[in-house]
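The letters A, B, C and D name the chains in turn, as written, and every chain counts its residues from 1.
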């Protein structure tokens, strides 16, 4: 069955808007009316805007939301041209501060340096559905940033506001289960990026008695998880991800589980890029689970090794230099034989060699010579987890084979160690790992000729 | 019966903290440990603070909350000395911007101009009870600002954050009635500033079937109204405030009322000074009431003329100049005869003269020659109301006699006129008034020799 | 796409139980242990049962729920044999009452005539999920009643309790929309009997902005609607049901609708047979809608004529007697030509004749010479509606063609008339109808030779 | 400060009604209109009543609620005269059953024996506030029962319904704290019978961090606890009740407590007499507390010995017969010396003798030679507690001295023993007691000459 996903993501946004603001009479021009949208923004910053802010803001939000891609470009240009700080005033304030770095001059400079855009965004936020529209606006803006570096200032303003608004102190953790609103549940189906959810019956299994799902929410977006995590309560540290996803898997009595397996974590909003929640989510969820299920002993992920295949491809040229190591050559020959289309599983005959290389990759392959190259490893190591175990053919989905050559890896969270691990990682880029994994990586390092 | 109010306001804050954070073991040093509080703030801004932010923030908040007044002075000094922007880096960023006012340099300058304090406050807000403590911190800071102008920067940072955090888009309107939590209700008793609430049975009458009370709340302070308004549903525009407050007044069937009388509006938190809610509250409450009670025709206040007595005192010397006007002299003689202690009602014999003067005061007495001198008038006129009627002996409480010489005034909100009134007031300082009131004020103006 | 419906309804019940009670360790014997179930029931009625009622009741409920169909037969036999009143004691109480019909003797007789079963059911209800299991038990019992008339007493006890427990005073009306829990939403898909719901996207359209769904709920079954009704907000009285069900139909701004079309009403629980909710649901929903959408002018159903096809079949023999009326013969010839398998639409050429017959059927065909033969007509007429309009090809689904020969009929609810209509119907079986419909039925009556 | 309690309890009921039903226009006749109330009841049982039940029921409830005491007498008479079973029909049904005790005849007899009153009460319950009014009606009826034994049938009907409606399966446990609605909190002040609550600040202390309060609620009476229990979390088993009640007592960190002291349990509604909740409440609260505070080791009451003083008075004559025992004489002389007005504490000099007698009273004084004479002892022993310790001057309030001569007694609940204790008590009237208490009682028994 095909994944239930809106053909056009923008449609989904329109639908959300309609729910927030309700249907309005009066047909909108095709593509929306960018002049009206900009004019409403100007009005919003006047005296009248202060007085009737909510109504004008709602109209402006709707006017923006109705813009097509082309009109949005014009709108963004106006955000730069009409709502940036006045350079002259700014320079005068900077001069005054340099002459006399008093509190008064500091405050004057702070005021001068803040673009009118920021107040505009704050006032837009008063309108119905304001927060949702602004998050969407930033997402649409980010997509244009590469071509329009001059829009970086808009992004900086939104990022500044979002870091204030989505402060952890304002978020709440919520368990998501089959008793949750369908409005929230359809988001899971829409957003889940790691292991796609194939419709409602698939989702129901993921929310059954031996599964848990938690998300962070913001009060202004009550039906929109910001990030969510999926957990299987199982016996023993799982190596394979497919049994965890199988909609027909028998349901375990969760009070008999000894391991909580985190098999998916998803950031929902591109528009919130740079506002991070994952670290805090994992820690709080571990606390929740420990309280609810005192028998749980292990808190661990079943993660992809998502950069392995790509690293291996790039390693190839290097390899040709060193034709002496037959083990490595065997792996690469096998790798080359794997068609991107078919993505069959790797032959068990090269399991040993490939495992060593993969452990080596996780342990020693670095970005800029410091932090691990693997993005998932970076995330969990920075959170204080340690690499526990590598699992051959742990994810045999086509995505799993393509990204990770079928490997999964378990990162284990031990509450008593996380802070120490985190600091060693933060200071000295130390990769915490189990002795077994360390040994495997060492063999791989040698095989790789390092 | 005496007003129920904590003897020491700080106690109330400690109590709130205890409820938020829970009792902690371990005795705190008398006066708190300011070095520990500052050290925790420094830690919070490090890498470790990012990782274990919630825990460290909670500890820092508690450490701050335990400080006595003297230690708080030291703490504020540290906020200035340790957490202000680095002037050199700032100047360099300012220079770079002046040389090339590019987006990149603008963002660099924005970053340089933001004090580390702001990030400190954002991280403190992650701790339990963070928002509440920070609002309290600003209140305590404001009290020291007159003596310590160098702390204006701290205040600017907090004000900036609070304007973001307490954006109207994040607030929710909530009706407060006898079914509301006692946690909220005791706040009303504590905060009500206009017409003191004398204990729980007094409060109960104010929340009965023919009364309404609404407040704005923020999700992070669910038991703390930010502002609240009290309304009586009555027949006919009321002149006197005491019958509205009488705990023994018979309860009217509210569906038969034709007038909603707003008799009290209270801002609850000094720490939120400059973040205004009142205008929005009144407008939204009028909408709520219209929907619930379609028979309501009049939405009006029963307000004090709170600056009248003081203005009259100051007017006195002027009067001696013009000894010809016997009416005015009569009033002033009567006024002088009123002892501040006894505050008896004024004799009806001078009702006519006093009424004219009071109308004149509201209509023509100006601050800096532009806006009305009376603060309550400024608030309602700016919201688009018009002055409707002046009421002799409308408030015979000791406070009412002392401030307003017993007068009350009705400001009427007509939805179709508020925007027009507001703009005429905002642009040209036009005071909207009923023809009757205008005539009365004119007579007063002549009596006052202008 | 096939309807999502559990293959085995009992499975769904087990699933519900598991959610209510949670998974239990310890494997149950195949078919369950009927002796244990009965023994627990006996214990529950002892002193010990009074003391540890909740625990024992929960065990007994689970033991019952695990029984297979055969064991349930034995269980029901025990309910008759072990938990009926003692005939001797009952007779003595009856004698005592006849000799002296005092209050004391009346109470004694009341006590004697109440089977111990009733107290058993009350105590079972204390266990977790008790109410749900007892409703299911009655459903399972009812299915055996035809073969086991001696079990009528069990049914009488349950019916007596359910009429007390599900008293309207304890129910609450709840709007069901896309923000409702998936637990409730999947019930709609499962139970909807009139117009099948084909999965979640079909359901979503039925809960969109121009649709409404309301249900009655009982606090002990918070995720189980007892009855629900589906409404389309449209412009003009709709004739056809398919456009209302079309998942791709454009969404109307509901504030512009002038008609609320009730197109489906579903009783969810066979186990609550005889406890009626429908009449109250419609009336309360009309009130809700009038308040939310003041522009609504018409409240009407789009109903099947569900007994028409069957009546027509039975009418056939009668017709052969009267071969003079060519119109009627034409209809019946056409009707005979319609294969039950194909169920094609009727040819428009006989629309006029068929319409007259259908109106005649609704208006004049009686059960036992008094109440209308059509069950849907009986329901709405008893509720005070009137027959408004007959619609040719109003329901072209296979079920609609088979039952109603494609007709739909609109019953209109006018609040000012319902009580009068209801009484005329209740007293004299008067069928309220519009003049147009009455005329059509009269033509049909003549055609039918009456 | 005087207890806040409505002067006239009926007023409180009227107030509740007003909140439930809202104010109605139209003045009611003084004393209400009993003929109208009865007529509405008759209408409610007709066909029309079935159709418009909610509206008619609401009118009937209001009509009843407006009756004065005298009119209520007439109303009750009508409930007997107009709504009792028809004796003839009942006798015929009884005869039919005796001739043939079939299921059909049993059901017929059950139907005949049920008074129309019961259906009347069920229909009244559909009206707004129905359940609350019916509970009040029974309370008012019970007060007349001694003089009107012929009304026992009304009571039997209500008791039957209430046992169904207030089934444990429909109740929910709710913690009551300072965050609870004032509507509920004022009930605590009103109902608390064991240790009077002196206003809101007294109440606040009883709901602080080291106190707990739980109640059972029914969904139809969401603001009305049916029963509630007050608990102090303390260190060590407390002997004295006054420190637990002291509004100025310092607040303990509850996580450091090792004992949960149940110091008050209150049934709120006379109208629910005979529907018992206490046993279930204690057991469920113990489970809640164990989960929230794993350090709690002791769950015990601090109870009055409420029948001791009265028993001692009655013992007096017996004692004069036996002038040999000087210890007993000493006690009685002291007891005689205590004026009922002053109620001073007993002299410590007779502590030993009095304690022995009190232990003897609790252990051996019986009602009808079987169950303990003391009502509080009967309640806790039946619940499976054991008598642990007797405390001299444990309750020095005037009520405590008058009832219990200042004694308190601790009943301890040990989860592992309660079922065994309960059964030994239920079967053989065994009083579970600690060895120390048993010894003390033995000494008392000898002193009492038995």
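Throughout what follows, a residue touches a chain if its C-beta (ideal position, glycine included) is under 8 Å from a C-beta of that chain, and two chains touch if they have at least 3 such contacts.
Owing to the predicted nature of the structure, the values given are computational and were not obtained by experimental measurement.
Contact with both chain B and chain D is made by no chain of the assembly. Here the chain-to-chain distance from chain A to chain D, counted in touching steps, is 2.
Note: the chain lying farthest from chain A is D, by mean C-alpha position. Chain C and chain D, compared by their mean Cα positions, are separated by 41 Å. A straight line joining the Cα centres of chain B and chain C is 57 Å long. Separating the CA-averaged centres of chain A and chain C is a span of 48 Å. Shared contact sites, meaning residues of chain B that touch two or more other chains, are absent. Taken as a contact graph, with one node per protein chain and an edge wherever two chains touch, the assembly forms a single closed ring in which every chain touches exactly two others.
A list of each chain pair in contact follows: A-B, A-C, B-D, C-D.
Those residues of chain D that touch chain B in the shared complex are 4, 18-19, 22-25, 178-183, 185, 199-201, 204, 209, 223, 251-256. On chain A, the positions that touch chain B within their shared complex are 47-48, 51-54, 84-85, 87, 90-91, 94-95, 97-98, 101, 103-104, 106-107, 109-110, 113-115, 122, 125-127, 130-131, 149-153, 156, 160-161, 163-165, 167-170, 219-220, 279-280, 384, 419, 422-423, 426-427.
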